[in-house]
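There are structures below to look over.
Each of the two complexes below includes chain A, the first together with chain B, the second together with chain C.
Now for the complex of A and B:
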């Protein structure tokens, strides 16, 4: 995991409790990067990919990029019906190649046909597998899937599937009438199970007509409805598995093999739904499975959060309500690393690394030493057109309600089970200017300066109330508002690491921001007072906020962020540390 | 607040449109190469603009969009094939906000916008990489591979591993712009 990093807590798993401890590996599923999150305006809550309900809004082939109408998806068994095939041996896409053209007498290659000469075959440009090896060739290089249709339809698995469908057809038809009648009732009740079952049942109900959407209520009802079930005749498979599964043929083959390469690996055979031969020579090219574009909804209010454009390769969205448009974009940097970097940069300039690289390169991967104090800088960028007030509150551990200041016992006190590190952050609220278009920045600067002057007062109060850490006295300011630039405010913080400390410096912070809601409409407000309030009470932060929500046009939102500053170095390297103070 | 990435002022040429091209990069056939502006070509990169279509006149061999980065030691070479018995090179088109990691060899036909390609990859001939895709480090894309939009490819041969989040376009744009702004000449001391 790259550090330093910031991750946001989505309360979808347990909205009534505090976030799980960030340093437990099991809690990683609750924390997400801001870019992966959505924001439901209606519920006023963060939504993550684990809690949104997902619906398929369109299918496309990942190779030829053609959109496949959902009507034909079923007929084509969820695979591309054009010329797209996967290599059975390495899963690469296959290309159609013609046979070698006949050479003329003078040795020059003559091409009569623009497309090449038949027979055509499929060829893998990665592992050099070709379909002629397994006896598949084509007369013409187009509509290959059609040409392979015969093979596919006579395969035992598709025959068995057809037989199954045939068998259930009367039952499906009979139940479809009753299910469609109760369908409206059920959607009204909206027994929400979970997004994955919902998506799966959606797909199933579309693909197999008559299968009603899954829901726990109807299932129990059907269970009681014994008469329906009893009408079902017993299903008999096309062939008895115990007979076909005889290994004598395989044993014969295995006796003949000369190298282990002749046996297909488990991975190569895994995708087959039917018992297949173990030999590489029997592997068949596969039509490429389709991909889908998905739209996403809020799980409680069903409002659409993501609605992609129809065109398969468009990266635009008709609706995209991402968290980045609602929450301030936070970034973290560690100035002591910058100093290191500047010195290394002087020795050798290594530009040209991608952003991934410089995050992972060892010079940047933070290493901190026990018994020292490190400053860090958090930046908040306001995406909204209104200025916001932010208050941050570091929680040492989610179970204890003690604030950071009380934990700052300093490294001198020998105390058992002392927290490995202590965080100092400004406790007062600070403002972040509104987002404006780039050309307006210069004009805004004066205004921001004025605001900044007001805040100096706040800071004096804050420093009086803050039990200042040992490193703070007499030093240049590291904690507090460092800088304001356009719609970004930089906040300094400090971490004091205990002498015996080890592990990751990860801590939970509650970020609360207040903003003015200019678009005050009656409906929205009614919602806020109505079903909005229970949501707020379930939100653990609301108790902390108190009455900040009273005024209708000022709104408050708070959420938890896990700050990962990096790893504390092992103690044996301590000898090389020069003291900071 | 991100730390700057320093380079030596003498090592890079900055053009009027903000392109920063290393003097240590090998640019063959510069008249056939288009840079969109604010694009960085790092040390040791090789760009083969000289491998052009046969025939007279001016042709564009490699075109790069804005805010691109060609990493150190990258090789950008237009794809070629023999079609109807004629050997020919075909142009390579790369969109905006494309980062290509160090040591990668690119022979793609088209690379869309906001694409991130890792280090030490091989992008085979006539590959098509759509918008906002990501190719992880050390991936080998065999010739003619198609990478759909918002997909992550990894491995050898490169295969689809996951989908990227919907906010990838904005994110990649911000990242590449930030990278360009961080890429500054070292202060003379």
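Now for the complex of A and C:
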């Protein structure tokens, strides 16, 4: 298992329902790291890479970093039109090298020609492939793609393709003309067609794509001269497959190979639509595919979420509305894994769980054992300049989900099973102080800790756990607000693992935070949350539309987070190891 | 409608400027294939008439722009694990099925987004899309793809075109019998005058996936494995280097088997059994085929078990030489799968299995000339050692593994050759000659060198006259004459000289002297030399550039029909309405041949108007 993780739910895959149970394998597509997420201010929704609409804002070659004008992108088939080539064997970048100088015995002619001598070829510095082996040499060391252009334009597949097009065009034109005529003058023209053939023809042409209408006139004409039943002349291909002889050659080669390295892999060949040799020696250098700079927009309101700078060399963004600027950054730590003083101090509070066992467990991964209780710490870091109030609410995972859990080898009645663990989290709201640049430098943590009163913090002992965990509010605190430091608040939680539990400890948490919105935007806010479960509720006391309101608007945003604490080991340590292997 | 809306001016221009030298035409057209691109759509990167052609397979996707001769990108649709995106079965359990569908939807979305954003680098919102569909593509997958294209990518127009028809276009024809031998299935579809005769479709599960499993089994049984030398300090390294062991199943990952299949395997020529090969024996054991039984390492040191016991397992081959007993066809199918028994299996069947496959191996060894090869593979993680192990693959496996595809006789899993004949049997009599003389073989599996010539030979073999009529005459039965052996393909025997595979790279030439009319098989090998795997894509590209890519569904129409879901999303965010896309309500906008060829009753008088709208 990996380290404990937190992932945020984006509802784009299935907007109408609750987030899927996190232990389903398919649910991993719905949960994202916060760094991968965007935030649309207009819609007030989280957007992920699966739902944003992507636009290309520029093309560039990843090798020479040349920004390719979009006019030439198409003609060059999305590939670099300069000197950038990939090795067909190892996908390394090829370099242009000159031929050996004519007389190398002296050792003095190295500097005669800085460019080298005319037959240039491409050379792979990794696998020592060179293009002279396949007969590709260049007169000049520059604009190699142009020199290769002739080869590509006379590629047999494109020539054959054009010929096919010429072959079909008259046919298509004729059929389209006849069918359009039949649309206009249907009954007048086709005297031969009775309603049944008309119906069948209509249905056929509707159902069968690319088919002209049944045309009794042309049909009967063709039928008369008996030339071809297809109503079209026979196609004479430019190069018959039987004349290429490559298949028999390939068979011969394959019969005699000694190593699979002589044969190109599927990935090296499958782009070729023309039959070719399977030998690795016949591979051609590849022009480097272009990359694109993409800007992303919100799929509903079309606002730009991220927009890179145009220059390929730049790694900055003109616009970047990432979720990290809007949602509190959450992190999780399992203190029983950390060999520090804080955890050893808290160790005594955990009944039945001895730290030594955990630490000496053969796996260095976070492995928890059934029948024990573990604390965990969630930290919330506020990225905004306003303090926020956060309320977290662990959802009891639906019972039915355990049936489809993959690594569930549990008892025979999985439907009746309760979730194998129970989560205790503080249910009251807590505050996270605002972000300030000063904290980047200042160690004075509690500078504005109490700037706004933590009205609700005093209710901490009423921590009714969402799941029926053991209540031990009176002891040294593991559940509740542990610490506040600058714009970060640490929240303690507890997980009680059932005796027979297995699988991963993953649970959904709904995080709701309230913040004051200083920037009054003029759009109507209530209507955009159509397709997402992150709900925004506007505080009714503050009018949204009124420009006259001086008091800042209180807003609430909630979203789902799946917390992955790690894997539960079996009671029997050896057994668990065997099982995992 | 599929009527091209471009005025004929453009077409005449094209045909006028490309009279003779195709090179000039090609150079001008590779730069821009539609002339009005330069004049009008300067801003847009591609003319809006250029469609995006997607050929989504369960394993391999091919994508590109229409009007080009080769796909821009080909990639594995499945992950690295080699599990296809969808299979021939779905989970029966409701919960499992929903889970399966959710996973499929997520993966399809990933792939489709990657098509536009990573492979083609284009904006989906201005692109018309042609999706090449297999006729048996399940509707729920088609629906899922359309939903992703329309809602997530907001593509303006999507059309679905049958892959078999497009393949036929790529060879310049609109009539023919197309065999698509893909990963999951081999399907034969006759097409007449560009109308697919869907109801004469025949399939067989003998295809790429089965071949992969067969190769895996053969290599597990008969391959040799040399583990990498252990870590240097180990003292007994010299002894360990030399030792060849059986192939550990963990070393034979999906990727390795795939590499064996695509890189070193070929299809050997059909072979005739010599006399000592074909001693008929009536014993047989039917070994069930375990699709997923590769977990156990089988000891390859077989006891040299009785070879004669299981010799009937290759009786198909012997049948062709001397005589088919009526039952031998069925019996022959038992060797089709050299399967690996679970080690818990009964020992007797274990031995028998080994004996059978050993006989098979001996037989194949006699009839193959391919060289043995050594292939470096990553050692299984548990074994340790430095570097890579070496897998020794006997040459006969390379040459004869594909025999599994041509091994007929099973009524449920007919061979690839027989499935063509089965479909021909369903075709109306007056079309049979037309179809038989225009067979096209496409798909990924025919990319194996030698596949298509072998297929032709197998068709001829299946149609061969059962030579010696009563080989085992009824000895002590009554005088009542034995019924003639079941000769399923007798109606097609007359067509034998007419059979022609269009893209046969090695068409039979001189051996047609026996036939009465040897001039008929002229179409064999006359197709352009597009690869079988790309044929459907090239056809889609062609159809797109001819603007006949099938019935286009505009997004508005989809959304209109999809309004039920829209209403549900309107009413609040956290609704509990379980309207997942996995629900069985399909959008009726998508045309599909399974939805009934004709509407109930006579078509409306303005049917063509509706069809056009």
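One rule holds for everything that comes next: the second predicted complex is superposed on the first by the 349 of 581 C-alpha atoms of A that agree within 3 Å, B and C clash if a C-alpha of one lies under 4 Å from a C-alpha of the other, contacts with A are read in each partner's own complex, and residues count from 1 in each chain.
FYI, a residue touches a chain if its C-beta (ideal position, glycine included) is under 8 Å from a C-beta of that chain, and two chains touch if they have at least 3 such contacts.
None of the values given here were measured: they were computed from a predicted structure.
Does chain B (first) or chain C (second) touch A:251, or do both, or does neither?
second
Could you tell me if A:491 is touching chain B, chain C, both of them or neither one (first, second, both, neither)?
In the superposed model, A:491 contacts neither chain B nor chain C.
Between chain C and chain B, which one touches more residues of chain A when both complexes sit on the common chain A?
Here the partner covering more residues of chain A is C.
Using the touch definition from the top, say if A:265 reaches chain B (first), chain C (second), both or neither.
second
Go through the superposed model and pick first if A:569 touches only chain B, second if only chain C, both, or neither.
So A:569 meets neither chain B nor chain C here.
Using the touch definition from the top, say if A:388 reaches chain B (first), chain C (second), both or neither.
Once the two structures are laid over each other on A, A:388 reaches no partner at all.
Go through the superposed model and pick first if A:511 touches only chain B, second if only chain C, both, or neither.
In the superposed model, A:511 contacts neither chain B nor chain C.
Mind working out whether A:8 is in touch with chain B, chain C, both or neither, as first, second, both or neither?
Once the two structures are laid over each other on A, A:8 reaches no partner at all.
Identify the partner contact of A:92: answer first if only chain B is touched, second if only chain C is, both if each is, neither if none is.
first
Just chain B (first), just chain C (second), both, or neither: which does A:54 touch?
In the superposed model, A:54 contacts chain C only, not chain B.
Quick check on the output: what are the common chain A residues between the chain B footprint and the chain C footprint?
Dual-contact residues (chain A): 291.
Quick one: in the complex, what on chain A touches chain C?
12-18, 20, 24-27, 29-30, 50-51, 53-56, 59, 70-71, 73-75, 77-78, 152-170, 172-173, 176-177, 179-180, 182-183, 186, 195, 199-200, 202-212, 229-232, 234-248, 250-251, 254-260, 263-267, 270-276, 278, 290-292, 294, 299, 400, 403-404, 529-535
Please name which positions on chain A make contact with chain B in the complex.
Residues 35-36, 49, 60, 62-65, 90-93, 95, 109, 111, 114, 124-127, 291, 306, 308, 312-315, 317, 320, 322, 324, 331, 333, 337-338, 341-342, 345-346, 349-358, 377, 379, 490 of chain A touch chain B in their complex.
For chain B, which residues count as touching chain A in their complex?
The contact residues of chain B facing chain A are 1-3, 5-8, 11, 40, 42-43, 45, 69-72, 84-85, 99-102, 114, 116-119, 124, 130-132, 137, 140, 142-146, 148-151, 156-157, 159-160, 165-171, 175, 179, 183, 186.
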